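First the structure, which I've put down as structure tokens, then a few questions once you've had a look.
We call the chains A, B, C, D and E, going by the order they appear; numbering starts again at 1 in every chain.
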Amino acid sequence: MSTLKLTNLSKRFGGVVASEDVNIEVPAGKVIGLIGPNGAGKTTIVNMITGLLPVTSGTIHVGNADITHAPAHEICRAGLARTFQNIRLLGEATVLENVMIGFHRHETSSTFAALLGLPEAGRETATLKERAFSLLGEFDLQAFADYPASGLSYGHQRKVEMARAMASEPDFVLLDEPIAGMNDVESNALAEIFMGLASSGKGVLLIEHNVRFVAKLCSYIYVLDGGKLISEGTSDHVLNDPEVISAYLGDAHHA
Amino acid sequence: MLEVRDLKVSYSGIQALRGVSMNVSSGETVALIGPNGAGKSSLLNTISGIVRPESGSVMFEAGDITGARAWVVTKAGVLQVPEGRKVFGEMTVLENLQVGETALHGRAPTYRLQDVFDVFPILQERREQRAGSLSGGQQQMLVIARALMGGPRLLLLDEPSLGLAPVIISQVFDALAELKAQGLTILLVEQNAHLALTASDRAYVIEQGRIMKSGASMDLAKDPEVTALYLGQE
Amino acid sequence: STTSTYAFVGEPLVNGMKLAADEISAADNWGGHNVEIIYQDNRSDKQEAIALITRMAQSENADIVVGPIATSEAMATGPVAVDLKIPMFTTATSPAVLEAGPYIFKSTETADAYMAPVGEHIVSLKPSNCFLVSIRDNEGYIRQRNVIRDILTGAGVEIVGDESILAADTDFTALSTKIVSNEPDCLFVTAPPEQAANIIIQARQAGLDGDTILAGDSGAGSQKLIDAGGSAVDGILFPASFVASASDSSKAFSEAYEAEFGKAPDLWAATGYTMMNTVANAIRNAGDDVNRESLREAMAATKDLPVVMGQGMLSFDENRIPSMGGIVMKLEDGKWVKP
Amino acid sequence: MLAQQLLNGLVVSGVYALFSLGFTLVFGIQRILNLAHGAIFMTGAMVAFYTVKGGGPLWLGFILAILASGALSVLVEIVCFRRLRKTGDEEFGGIISSIGAGLVITTIAQQVSSTQVLRFPFETFPVVIFKFWGLRVSMLQLFMAGAAIILVLILGYYVYRTAFGRRIRAVTDNEHAAMLMGINPNFVYSQTYFLAGALAGAAGVLVGLAFNSITFLMGEPYLMFAFAIIILGGLGSIPGALLASLVFGMVQTLTIAYLPSGLTDTIIFASLFLILLVRPHGILGKEDAGNLRGRR
Amino acid sequence: MSGIIAGYLPLFDLYLIHVGLAFSQYIVLRAGVFSLATAAFAGIGAYTAGIFAVNLGLHPAIGLLAGTLTGMGAAIFLSIPLARLRGVYQAIATVAFIQICLSLNVYSESLTGGAMGLNNIPKTVGTGTLFVFAALATYMIWAIERGRLGRAFNAIRQDEAVAASLGISITRHQMLAFAISGALAGLFGGLEAYHAYALDPNQFGFHLLITILSYVILGGRNTVLGPLVGCAILIILPELARPLAENRMVIYGVMLIVVINYVPKGIVDTALDAIRARRLKMREETVS
């Protein structure tokens, strides 16, 4: 199985060093945690991986393929999907349509067929609709299928975004604070889904501030501070690392 | 101090609040907890004047602020920190804070620039940075700080812990505790029920646009139904 | 077109026509026919003109169309009118519009006819060089410029500048500096009167020599040029198709027009007045059965019709080119005089 | 001749600057291309003209023009844009809505002026010409340049150095959040539009005085150029608009002076096109943080 | 009676041609490009077709094909620099493009007839031909909308970053939208040339741009019906207002303001939204 591998990844915004010589590995079938204080550079790393920000130096590999400088849409085609920290749904579209667009990378009908409205294209639309609807089922969102996505509550919007990312059937999923704004009961339901993803062989990179959640789910955790990795290892190791405690967890949490 | 009576709100036909009554007394911290889509933000937005109610009333101190425009509501000292980090992205951190002073409308400030910087030192460090390029957590701190600059008498907080690192969360809640100690009244919406119940005196549980439970936070924290639904297994 | 680009022509034109129509009706002089006049605005738009002509011919059953104004419009509507076999009487200046077929008539003399006297007059003043300014987005002005340019170069006058402007331009400071730096003996401007006045004023402010020969087109013979240019345009030479003081009938027309519309008639008002009179004359001569065919013949037969323009008589030649006779005039102390 | 042409270009630039600053301000605050701006500019010229024609002194005409244009601009905001803000579709909607407003205003002006080209009576502004170093400058040209500089400085101070300016920018950024900070966006918008309209009105009077021709369509060519100027200068950037006005005034004057005049427009717009290729955000425009942004 | 219908036939023809142009504008907007270049592409197509017929005396079918191809070529050419620009910058760059085409057209008098326009084009296209092409264009837009391309365009328009992160190539899709837009504009420009006897450079300027944009905005920019309806209204309305001659432009202006403010998504899209909201509400009521 392949691995998503970041080697000496660095990013500078003018004077701000958002990430410096970061080495991270996300193997298939595992949930890997990425934590760190606000502004540590976590979102920046996800943006670099998915091609939304140019990389200053270092490399990103999926298996043997170098995707460091590939454009965003090709990175998706290499099997990576993500969610956004500040939810980005297609506001004018319905929930169902938002999920349908996620299937884009697997659409097979030709441009020609789409231009001429051949039956092939129509059939594809119909299948996608069905698949999107059943995917919504996994997130308990079927009742909202025909609602405009912008009218949903924050938590529901998060789930729609996840369903959309799943639709592209990625090998690796990058989740930027997926359970922000959810209570424990709701996040536990999502935890199940994430575990399911890993056991079906996908690699998951999970960014989260809910340390309990991360500890429970992740086999391996990286801790970022000021763009540099300050600690990595199993949750027991990381969460008791004094440097992590002082930079991130605070004393209250330790107790 | 704040008295909400039988408030109903709907968005183009979809009912978000189905008759909510609640109150906040002066000096209190009241928490509002409930699942996604329960109507917590809708309630806050209606109090602050962003959303207009279908029926019901909102009284602040002696005045009726039902349906008043948001900027009018701020004159009374009701200030909301909105959900989702709405910083003024094109302006610097400092300018964001200066804009916050508009809400004073001539009232005496309760928090000056330096006080705010003491609570959130990172903002002082980044005072000339474009707010839009701050990290998510830094932005969250900025919006809270900005509201403090407006001299709030009642502070409406919509999920202040959202996306914050644990160490920052405890800083924010420490700051909130200090504000409370100084006599500020706070209405807090928080998904993190554990945190919310610890930080507040009283709490309301809201589900599907209705208040389902209310009481002292300590009691609610022990309520088996609440623990099962909102506090998880732990 | 009473709106948009050619409104400056359309408005006085229609006013002139209305005045003529009212006078004819009052004198019951339609030759015993009941004439209904429909005014439509094509907003200086070619396509609209085509649509209107088609509609007029097919659903309103009109017998003759007066208009459109610009050569470009007439070039487009001409073939349509010929297809529909309806006479069309346009103010277009280019003789090319007549080529569409025998149903097309035009009310203005061709530029070659009326501009030539001006060119020759300039030559007689023996300038060694001349600067030309013309509008480039209107065929009529380009043609007038060409006539003058050809006459001048033919006579050995050097063309030191040949600049073009847009009908919408107002800022001529750069152009003025360019004109002045060429130190021309003669400045010829073909543009609507206000614009021509403006160019000359701005050139004067940029330091144009006081005794430079000034010349313009027929528009320079309108009151508007005097209003707009004041003393700056004094001395300008222009071809006159219409001079209010030329004859008793033109004086009478001017007074009636001013009484009706509150301002002095310009060339186009006189043209409209003349066109309506020409049409009325044709209706009178078309016999009892007035239809498109008889009207066309009657129009083509127009000879020595008394009008308020030119030397006072209008005739169409065998190619349906009108002649009224033009003369060179000069503006002196705010008065039009023969140079 | 070059020096004289550069001087001419400078004065033209001043007029462009006055015209486009208001346009930029509105564009900056709302991302709205206010295509009625040309009509507002024209209204300024008309109001001053009718004041002077009615026997009033020029300075009164100037003040009335500024007030009337400012007020008209506010009216346009209220009627055309206020509702659009709520639907969040200003970019498209604003263009359409302001085209509508422009049509209404110009048609009314056309009827008032009976489609005539109007001009101030001679000597409304004394024609005094100063000559030095072989250059000719009229008092009016000096006045235009001076007015442009002063108004621009005042505006810059207002927007960048005062609390009011910050409020404008806060509303620009996020109207909801601004409301929660006690800002009444309607009031902020009205003030901004008043400023924009007043500047345009001032430009209208100056142009009417200088170029002697006031027509209901006089705003159109300026609108086209302002359009280009603000884009070149960068989204709503005031210094950018100034620089771009200068560039445009100069390029325009110099192409007329030294190139076959039929090609002036082609050259100006082609160079605009090229500049956009090299600097997709205008001369002084800021790069976006990410290269891919969400938008409608 | 038949006279009356015949009198309004030019209006119907105008409708058919403008529907084609409206779709050309519609498709780029839909793909998230704020291009206003349709007027220029139409001009290029029209003049190519016209010159093919007048100067070269070629068969109209060849002229139409040439018009379509040059329109498409120009669009693809323009899409390359435009890909670097965003939003209003694209709008202004395309307006500049229109200006360039216009002044070049006036300048190259020997080829295009300059200010005088291109005249004496044989009329070879009638209502029937126009109708067939307009119907074909409508069908193609409808097909695009329902399939893969429509979904991709939607995503790009609403959020490019999201679209890219889902594997949608923005450059490729926008170039495709441009090619379709240019081909449609070129084709209907060519039809216009063979239908109108004459072409005028200013016909393809700012005025046409605004007219076409208005169709799409008024009708709606998210369904195929939008341009069809918008175009119909804007062509019929001025006719009804014709007796008011002087005030026609005022009425047109007021209508634009009112529509964009009160029916901002366009008439069709708003109607569809209302229907959908009602359906949701009814379902909600039956549930509770």
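Here are a few things to note about the model shown:
Everything that follows uses one rule, which is that contacts are C-beta pairs under 8 Å (C-beta built on N, C-alpha and C of every residue); 3 or more make two chains touch, one makes a residue touch a chain.
On a predicted model such as this, the values are computed, not experimentally measured, just so you know.
Contact with both chain B and chain C is made by D, E. Contacts with chain C and chain E are shared by D. Most remote from chain A, judged by the distance between CA-atom centroids, is C.
Counting contacting C-beta pairs between every two chains, the top pair is D-E.
Farthest from chain B in terms of Cα centroid separation is C. Averaged Cα coordinates give chain A a centre that lies 74 Å from the centre of chain C. Centre to centre, using the average C-alpha position, chain C and chain D are separated by 36 Å. In whole angstrom, the spacing between the mean C-alpha positions of chain B and chain E is 49.
For the pair chain B and chain D, the distance between C-alpha centroids works out to 43 Å.
For chain C, the set of residues that touch two or more other chains comprises 2-3, 136. Multi-chain contact residues of chain E, defined as those touching 2 or more other chains: 106, 158-159, 161-162, 164, 170, 249, 280. Shown for chain D are the residues that touch two or more other chains, namely 262, 290, 292, 294, 296. Listed in rising order, the residues of chain C touching chain D in the complex are 2-3, 7-8, 11, 136, 163-165, 168-175, 177-178, 181, 192, 194-195, 197-198, 201-202, 205-207, 224, 227-228, 230. On the side of chain D, the complex with chain E involves touching residues 27, 31, 33, 79-80, 83-84, 87, 89, 91-93, 95-97, 99-104, 106-108, 111, 224, 227-228, 231, 235, 262-263, 265-266, 269-270, 272-273, 276-277, 280-282, 288, 290, 292-296.
Of all residues in chain C, those touching chain E in their complex are 2-3, 40-41, 45-47, 50-51, 54-55, 58-61, 71-72, 75-76, 79-80, 94, 136-139, 142. Chain E meets chain D in the complex at residues 29, 32, 34, 81, 84-89, 91-93, 95-97, 99-100, 102-104, 106-107, 157-162, 164, 170, 206, 210, 213-214, 217, 221, 246-247, 249-250, 252-257, 259-262, 264-265.
The residues of chain E lying in touch with chain A in their complex are 139-140, 142-144, 146-152, 154-155, 158-159, 161-170, 176, 180, 222, 276, 279-280.
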